[in-house]
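There are structures below to look over.
Note that chain A is present in both complexes that follow, paired respectively with chain B and with chain C.
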Partner chain A sequence: MNKVTSMVLILFATTFLISCASTNFENIENISKFEHVEDEKSLWKEVEEVQKKLVNSSAIYPDKDLQNYVNGVLDKLVAGNEVNWGADIEAHVIYNSDFNAAMWPNGFMIVHTGLLAHLDNEAQLATILGHELTHFLHRHSLKSRNKLVNITAALGTIRVAAVGAAYGLAYNGYDPSGIDDLHNAIALGFEGAYYGYSRATEFDADEGGFDLVKERGYDVKEAKAAMENMLVATELVEKKGEIPYFYSSHPKTKLRIKNYSKFINDLSKDVDLKSTISNGEQEYMNHIKNMLIDNLSLDIKKKNIKLAKRQIERYSKAYSDDYKSLYYEAMILLREDKKDEAIEKLSKSKQLNSQHPDTLKELGVLLYKKGDKDEAKDNFRNYLILQPDAKDADFIRRYLDE
Partner chain B sequence: MKRKFILILVLFLFTGCAPLTYRTNSAFDTYFKEKKRVLVLSPDMKIYKLTAGGVDQYQEDWSFESNKYMKDEIKSELDSFKTIDFAYLDTNSLGQADKQFIDEQKSIYYTVASSVVVHTYEPALLMKHKLKDFDYTMGIELSEIKNIQDAEVILFVSGRNYIWTAGRASLAFLSGAVGLFTGVYLPVPAGKELLAASLVDVKTGDILWFNYLAMPGDMRMEKTVRRLSKKLFRDFPEEWRDTVRWELRKEQGNE
Partner chain C sequence: MNNRIKGLFVNVVLVFLLVGCATIKLIEEKNVKWKSGKFSSELPTGWSKYSWPGNILSLTRDGSYLQYIFISKTKTNKELQKTKKKITEDLLLQELSEIIKDELSLSDGITNFEVISQKPANIDGIDAFRLEYIFKNSEMVDYHGVVYGFVFKKKYYEISYCAMQQHYHAVSIDAFEKFIKNFKVEQS
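Coming up: the complex of A and B.
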């Protein structure tokens, strides 16, 4: 290797090295007094701006009781350590039927109604919250961002070096075409490394979340059950392209179930797995009652009928049928073109609550189509009394005047 | 080789020069014939670190400093308009909802300003009809600012700066060197930098006057910010200054 080549190589290596950002930070739970590491404060500040907008937007599910309950469970996991972590750890329920939850770098957590709708109890909720909390405690956002900084820097440096190398080869009479393939292969390798890292952080969060569930005394088997619930729900998604996989960037749920089985088996060798606190099934179901109905209405809109049906079944099992559940059952039957059964459900819904405008309107439409015009008109009239300014009010009025 | 180098240098210098021409909408000429109450919002300066691989990282401390410098410089520039009383909105004294409203308006302004820059300044993407009929608006929602402070015109100032890390600078140098030897230059682009100021009609949200500086330089530095604010307000319409002064003198019974 001649002097020029050595110097060029040293220059490229230096460029890459000074471009590197650290990914090796202490986990927050291990620090006695929290201090921001480099670039962390700015990252927090950046997300705070988006957070402010989100908190005051209609994306938040407007159920204070559910919000408080979720944060109560989160508080159990945090166990008063927040003061040492330098952040306000708070969860917000987002009105969205996708199976998702996320932790922002500053301790701001979001949990979708779509995820809550498929869990059975508080222990399962604690598993999800514990997973997300671990992302915060292990500074995964910052580490992932810095990993991206390093990978893109390496790719940029290699890209420029590849041009130089190809020129050098051609200058010395060799075929330079292999350099392009080599560059592409390296780029692919780096991309794989990034996704591998992202996957590793998810497994790390699973393990951390599992430990928190165990330490707070919940039944650890419920951690695995939460994933199994997700698997069942995921398999019912009909519009797979439209609804992301549970934690879309997460490893496959089956693999995660396997991991949770391993965590449980490893633990059962050393300790008694008996839980010390209740799994809080009844309490959980009490808090998600209204949300379950609202969330399934989103799935119906998205034509995820099987998924909506599962939620209706869970609703009917946990609570007795009410006018809302009967209404949505009718909506599902309509999607399946079962009009007579839908009329039956809507009539029952009307018996339980004759003041629900949607029930009256749908019943009116179905009876009109069936030819029962007097009954249809009765329902439409009552609908207009309740919703005189509805978008379709004029249209219905014209029909009634005919 | 020497000639080629000089040509590249000249081209580089020219692309670095920002056009100082401002844009005005059709209502502007008559708009300021009457005295208007102008509310000055604190500037919206955001400074990012741009890494070798092109990842931008927001820098809180740098942005804080830049905002502080720009706020002081705007005030000192506007103070030279002896006959006009500008009102300055102190967002620190506002409640959470009002603060958020102001932040939202600043975000909207930045989005609109970016579009103005692309379509009325950048030669490659210039829309001639937009230049001829400058009709950009932030929307009527801006009028709700009256619930916070009464004003007819708002002055927005927005800046974005992307500071290269040593790694990026080194990569750019290497790329240039490789390009010089091989003839194949891989560009290491700068971020989408800008510094823009506008007068916006509160009632309609329409942009009345818009000025922009491309590639403003390191806005973390007080000296740079001072130079930039002078440039930015040097193009404040003279007609407007005179009209307002005249109106005020008339009001005071001196005309």
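Coming up: the complex of A and C.
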């Protein structure tokens, strides 16, 4: 090694040591009385500002029942330890059809409707929540942030905002909340919460989450099934580049499935897994009914056809609202430009329920364009009887007046 | 070309581009008449006209963050950015307005999007729709928008207005509606 190289290395090492922020913190669940470690308090405070904006926006899915249910499951995992952990652990359902869930450094968790829509039961939900809760308990945000600060400091670039670029993150227009919180989040240095942390950190969260699911008596086999569901759903996304979060990386998800298999196998050596309690399928499906419809509508709007089809299948299987399934099948057919088949589905939907305004309107529009104006007008009239104050009522009246 | 000349050439092009992009012209009584292709109208005095990539016309009075009037055009049969839907000539106005509503609602950086009204309209004899909506931006500031949309000679045209709800909407909307009232289309 020549003299210059040695000097550069010594300089680099010195810079690194001087600037080194700690990444070795005790896990929160192991502390008897919670106290913030260095930088943690300021990180939480910064996060709270973004949080305030988010909870006051329409990004929050407006279904109190679902919100309470998700938090009920989270409470089971938290098991009354919030006081010891010094945080208000709360989950918020975000109306966004991307598969995502994230835990912010201060215990504020978000779960997208897009993720909930592809899970089968409460045990799978508990797996996701347990994984995210472990990110909080193991202080992954702070550790990850400090690690990045060290790297950027060592490289002589202090700007935390550059972290996204340094990690090769592609923003791709993805907006997890409907507002620009991601930019703020990246600037705060907890982008891992959105895009996934390092592989080791994610696996640590999987293990912690699995333990929580096991301890609360859920069917642990469902933990693996949750990941498998994510893999299936991810493979149905037509534009792969648009998938956020670590689910976008198939090998990673496949590796995680493998990990869960190992957790289950290891556990089965000591415990009879058949004795584990329940997966809470009925309970889960009861709570996601309306959300499933809203989420699949969003997927249809965004032309995520395969994903929407999967959700309709799940909806038809779980509920007896066949008229709604038929209506959404028709909406998908329209996106595929199959108008005659859409008319057929809508007509069937109408036979099952003649009081569904959207079916009547869509059927009216399609028949009107096909030239079957009398039948179109019948549908329009019935639509207006049911929805006299519809936002588009003036258009419909105009077609009726012709 | 040696490096010095190349550098000079690049600088000249840059200056030219910057000056070109930054053109802002105050609208006074003497220059209210506006015409572009088949369209014409009277511009609101006290506003400024500026160039914006892709727009036929861009106007603002206090800055585009506070209020703007845009005219833009899109080819029909081309996928829209968010919904991936295509505007085709056989669409009913109601369908067209639904597509634009969905497209707007999926815009990046907005939240609390809500439609106030969605109606048929007429712009100098051309069937159009009028969509009025509100939303919040990423800073949770309220905005109010109105879009008139129509298909004309195989292209979709949009005359849109948007203003910050507080202070700016009330003082700008009349100017926009007057602009629409005076909007003329050469049908030939």
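Keep in mind that, in the parts below, the second predicted complex is superposed on the first by the 300 of 402 C-alpha atoms of A that agree within 3 Å, B and C clash if a C-alpha of one lies under 4 Å from a C-alpha of the other, contacts with A are read in each partner's own complex, and residues count from 1 in each chain.
Keep in mind that, in the parts below, a residue touches a chain if its C-beta (ideal position, glycine included) is under 8 Å from a C-beta of that chain, and two chains touch if they have at least 3 such contacts.
None of these values were measured; they are calculated from a predicted model.
J.: Who does A:145 touch here: chain B (first), chain C (second), both, or neither?
T.: First partner only.
J.: Could you say whether A:301 touches chain B, chain C, both of them, or neither, answering first, second, both or neither?
T.: Second partner only, chain C.
J.: Which partner, chain B or chain C, touches the larger number of chain A residues?
T.: Larger number of chain A residues touched: B.
J.: Does the superposition put A:369 against chain B (first), chain C (second), both, or neither?
T.: second
J.: Once the structures are superposed on A, label A:391 by its partner contacts, choosing first (chain B), second (chain C), both or neither.
T.: After superposing on A, A:391 lies in contact with chain C but is clear of chain B.
J.: For A:53, select first, second, both or neither according to whether it touches chain B, chain C, the two together, or no partner.
T.: A:53 contacts both chain B and chain C.
J.: Mind working out whether A:45 is in touch with chain B, chain C, both or neither, as first, second, both or neither?
T.: A:45 sits against chain B, while chain C stays out of touch.
J.: On chain A, what residues does chain B touch that chain C touches as well?
T.: 53, 56
J.: Which stretch or stretches of chain A touch chain B in the complex?
T.: Spelled out, the residues of chain A in touch with chain B are 11-12, 14-16, 18-21, 39, 41-43, 45-46, 49, 52-53, 56, 145, 148-157, 159-161, 163-164, 166-167.
J.: So in the complex, which bits of chain C are touching chain A?
T.: Residues 82-85, 90, 92-95, 97-98, 102, 106, 108-113, 115, 117-120, 129, 136-140.
J.: Note which residues of chain B are touching chain A in the complex, please.
T.: 49, 51-55, 57-61, 97, 100, 103-104, 165-168, 170-171, 174-175, 178-179, 181-182, 184, 186, 188
J.: Taking the touch rule as given, give the residues of chain A at its contact with chain C in the complex, in rising order.
T.: Counting only chain A, the residues touching chain C are 53, 56-59, 173, 175, 177-181, 301-303, 335, 365, 368-369, 391-392, 394-396, 398-399.
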